[in-house]
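Each chain carries a letter (A, B, C and D) given by its place in the written order, and its residues are counted from 1.
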Amino acid sequence: MKVNILLAAIVLIPTFALSQEKEPTTPEATEFYEPVPPKVIPGKNGAPPSDALVLFNGKDFNHWVSSADSTDVKWHLNEDGSMTVKDKTGNIQTKKNFGSMQLHIEWKSPAEVQREGQNRANSGVFIQQRYEIQVLDNNDNPTYTNGQVGSVYKQTVPLAMASVPTGEWNTYDIIFHAPEFSRGGNIVQPATVTVLHNGVLIQDHTIIEGTIKYIGWPKYEAHGKAPIVLQDHRDNSRVSYRNIWVRELN
Amino acid sequence: MKVNILLAAIVLIPTFALSQEKEPTTPEATEFYEPVPPKVIPGKNGAPPSDALVLFNGKDFNHWVSSADSTDVKWHLNEDGSMTVKDKTGNIQTKKNFGSMQLHIEWKSPAEVQREGQNRANSGVFIQQRYEIQVLDNNDNPTYTNGQVGSVYKQTVPLAMASVPTGEWNTYDIIFHAPEFSRGGNIVQPATVTVLHNGVLIQDHTIIEGTIKYIGWPKYEAHGKAPIVLQDHRDNSRVSYRNIWVRELN
Amino acid sequence: MKVNILLAAIVLIPTFALSQEKEPTTPEATEFYEPVPPKVIPGKNGAPPSDALVLFNGKDFNHWVSSADSTDVKWHLNEDGSMTVKDKTGNIQTKKNFGSMQLHIEWKSPAEVQREGQNRANSGVFIQQRYEIQVLDNNDNPTYTNGQVGSVYKQTVPLAMASVPTGEWNTYDIIFHAPEFSRGGNIVQPATVTVLHNGVLIQDHTIIEGTIKYIGWPKYEAHGKAPIVLQDHRDNSRVSYRNIWVRELN
Amino acid sequence: MKVNILLAAIVLIPTFALSQEKEPTTPEATEFYEPVPPKVIPGKNGAPPSDALVLFNGKDFNHWVSSADSTDVKWHLNEDGSMTVKDKTGNIQTKKNFGSMQLHIEWKSPAEVQREGQNRANSGVFIQQRYEIQVLDNNDNPTYTNGQVGSVYKQTVPLAMASVPTGEWNTYDIIFHAPEFSRGGNIVQPATVTVLHNGVLIQDHTIIEGTIKYIGWPKYEAHGKAPIVLQDHRDNSRVSYRNIWVRELN
C-alpha cells in the first residue's frame, strides 16, 4: 500500500526561484502574459466589489442562522438596511464556511451610552468561529487593552484606537489567512489577520496564537473552513451591523 | 574592545510565549492595561486620519522635490487639488525618507485614452525608491501581467484588475514593511507589501524579491529609509495624483 | 516567452545582527574574548568526554528503571560491560529527564539470526519517551523503509543503511533538539534529530513531525524534559546496549 | 496584573503534509517500501565508509592543487600517511567542487610548541573556499574566542574547546549545508555547519552569516559548488592533515 508521506527536511523554504537560471538580457525575458488575473469592478466607499459574496445587504438574513441551533436569526432587521443584536437570542453565523478571506463589515454602537468597560456595546466578529476581532464602544471607556475595540480578543492589542464617535458607523476591512494544520492535527502555520479600522491599520499581519479563550492561554485545535460568527454578548449591548461582504482568498 | 556580536543559532524563532508559564485560572489573569495604544481620529473615504503625515493635499509641493537634482517639483499643480505629471520633467520624490508604512495615494489616468500597452497612462509609486507598485490605464488595454496596474512591477501579478473607468480616481491603500539587512549587508527579511486597489485586495502580504529591474532578476542591495518616488514615464503619460498621506509603522 | 517566477510566500527569518552597526575597520574590532567556552577532554573511539553524564558503563543500572512501574531494571547485565534486553520485562528508561542533548549509544543484535522483518533484533531508542530512533537487524532483512534501522520510526527513512554485520557493535551518535511549545500547548518549534550511524550521517537535522504512532499520523502533545527509553520489543529480540553517555545542550 | 504576552511576528513554516489526508486506521497504512536507501559499509574509528570520496589517504596529492595557481601541491607528504603544511607555499584545495557534504578530516599541531595566540599551529578548513572552521593549537594558549580552535572563524565560538594534547591527532566530523541564493543573487538560505571535534559537539547546526572576513562583517556573495581549502597561515605553522574523506549530500 502506498501512502503520501511527509516531505520532512525542507525547513526554510527558499522564497524565490533559485540561482540556476541565467540572468536575462532583454526586457521581454521578464515579461509574461498568463494567467490573466480576473477583472473586478470595485465598489465605492466600502460597497461590495463585483466578485464579492454579499453576506448582508440589509434586506434579509438569508446567509445567516442562529449559532446555537441553526434556526432562523432572531436579531432585529432594521429599515435603514442594518441589523441589531437582539439580547439573549444568541450569536448568529453564516451558513457558509470560510477559509482565508477579505472581509468587509460595518458596525455601530447605540447612540445612547450604555454601561461601562466590557459591557458598553460589546459584540465581536469571530472569524472561523474562533478568532475574535473585538467590537466595543471604547469612546471614553477604557478597558483592558487586549480586549479593547479592534483587539484580537485576549491576544493582540490594536495599534491604535480608531473608532468614530459613539453611534456612528465604523468599518472593519479584514484580511485573514486561515491556519494550516499537519495531517496529525498540529498547527504548522498560524492564522494571520490584518485589520483596517475606519481606514486606519490596527492589526498588521498579526499572528494569531490560537482559538481565543476567556480563561487560559490561546490554543489551536485542528479545524477546516468555518462560519463567521457575530456575537450577542448577552448584556443588552445593542450593536448594529450592515454592509457585510467577503471575498475568498486562496 | 567589545563588539556586539551576532546571535547566530536561533532559526525558527518561536512566535509565542513558551510553555513555562502556568495556565491561568481567572479571566483577569489574561487582561492587561498597559501600554494604551494611541487614539486616532479616522478620516472618511480615504481622508487622512489624525496621526497621518499628509504628503500632498493639493495646495503645494512642500514635501516633494525633483528626483534628479532635488530642485523644485515641475509637475502641474491643479486647481482641483491634484497634481499631474509634466512630461520629461522627471520623477518626483518625498523629501523625507520612509521605512515601513501605511500609505494612501489616489491617482487617475487622463480621460482621453492615450497610446497602447505600457504607454497608456504609465506611472508608478516607487516605495523606498526601489519597489514599484505599477500605475497604468489597463482598461481594455492588456499588457504583460507582471507589469499591469497594481503589479509589483516585473515581480508579482496582482490578484485582480480592479481599476475604475479611465479618467476616474483610483485609490491605493498600501501596507509596506521595509526589508531588513544583516550588518554585513545581506537581506535577512524581504520587504512585504499589501495593496487594496479601490478597496479590493490585489497584493496580499506579497514578498518582494528585490529592487525592481527592467532587465534582469530583482536583487536586494542593503539600504535604509528612503523616499517615496512618483514616476514620470517620459512618454507624456499625464497621470494625476491627489490625497497622499502616510502613517509610519515600526 | 515564459519565465520561471518566484514561488509563494515564506519569509526569511532574521538570524543575524541587523544593519545598524558600522562596518569595522580593524581586525581587532571583530575579535572577542568572553565568555570562554569550557574545556572538554575528549574520549577516544566513542568513549565519553570529560563533561558527559555516563548513563551506562556496564557496571550497574543505577541510572535506569523499568518504564512500567519504576522498579529495578530486570534486563541482563553482562560481564563484557553490556546489557541485553530480557524478554517481556518491559522497556527501561533513565531516571533523569532530558531536553536537547548529544547522545552516544552502542548496540548490537545477537550473532545468531532471529526471525524476519520487524522481528529480527528489534529495539529502539525513544528520545524524550516519544521520538524513536529504530534499532533493528536489517542485514539481508528488508522491511518498510520508514521502519528500518536508523529511521525515525514511521516518519523518516534514514539516508543510508549503515549497519555493521549482525552480532557486531553499532554506534549511534545523536544530536537532538527538543521541541518547543507555546504556553497554550501548541508546537511552535518541532524537534530535530541528527544521527551518525557508525560514523555515517543517516538523519540530517531531520524535523520530527510529532510523537510516533504505530497507527495514525504523528502528533505533538506539549511536554517538558523526559527520560530516554530503551525498548523491549516483547518478541525475544535480544538486543544489547553499552557505552551510553549524554551531554545536555541548551 | 501583568502577563507575558506573545512576541512578534514570524510564522512557523509548514514542514509536514497538511491536514487533507484521512487518519489511517491500520499499521500498514503508514509503512512504505520505496525508495530503499543505499547500503553503506561503515569504516571504523573515522575510516572512510564505502561510499565516501577519499580526498587524502596519505599516498598522494591527486585530489589537490595549490590554490594560488592550480599547480602541484608543494606541501610535505609524510611517510606516516599524513601531509604537513610547507611554509609559504600557499593554501591547497581540492580539484573538485563541493556543495553540501559530510566531511571527515584529521589534523595535528606539531609536538614542539610554537609561538603564541593565533600563531601557534594555525591552519583552517575553508569549506567552499569561504567558510572557515579554525584549526589552531589552543592548549594553554588563549586567543579571541571566535578565533579559537573549532570556531567558525570570526563568527561563532565553539560550544567547547575539545582538543587532544598538542602533537596528537584531532578529528573533525563536519556536516555542512551549502547556502542557497535567489536567481538575482541574494542569499535565501544561509549555510549551516555542525562539527564534532574529537566526538564532542562544538558547532550545533550553526547558521553561517556569510563569507568570513578578517576585517569587517561577514557577507554572502552568490556562488555555486566550490573547493575545500586547507590553509597555509604563512607563519611556519606546521600543521599536519590525514584521513580526509567526504560524502556529498543533497
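Here, contacts are C-beta pairs under 8 Å (C-beta built on N, C-alpha and C of every residue); 3 or more make two chains touch, one makes a residue touch a chain.
What you see is a predicted model; the values in this text were computed from it and never measured.
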Report same or different for the chain A and chain B interface, where same means the shared residue numbers exceed half of all residue numbers found there. same
Chain whose average C-alpha position is farthest from chain C's own: B
Once you find the CA centre of chain B and the CA centre of chain C, what distance in Å lies between them? 49
Approximately how many whole Å separate the CA-defined centres of chain A and chain B? 24
When centres are defined as mean Cα positions, the distance from chain A to chain C in whole Å is 43
Residue list for chain D, restricted to those that touch at least two other chains: 4-6, 8-13, 15-16, 21, 23-24, 29-32, 146, 182-186, 188-189, 204-205, 207, 209, 213, 216-217
Within the complex, chain B is touched by chain A residues 11-12, 15-16, 21, 23-27, 29-43, 45-46, 49, 51, 102, 104, 142, 144-148, 154, 157-164, 173, 175, 177, 190, 192, 194, 196-201, 204-205, 207, 209, 213-217, 247, 249
Residue ranges of chain B touching chain D (in the complex, touch as defined): 5-6, 8-9, 11-17, 21, 24, 28-32, 182-187, 209-210, 213, 216-220
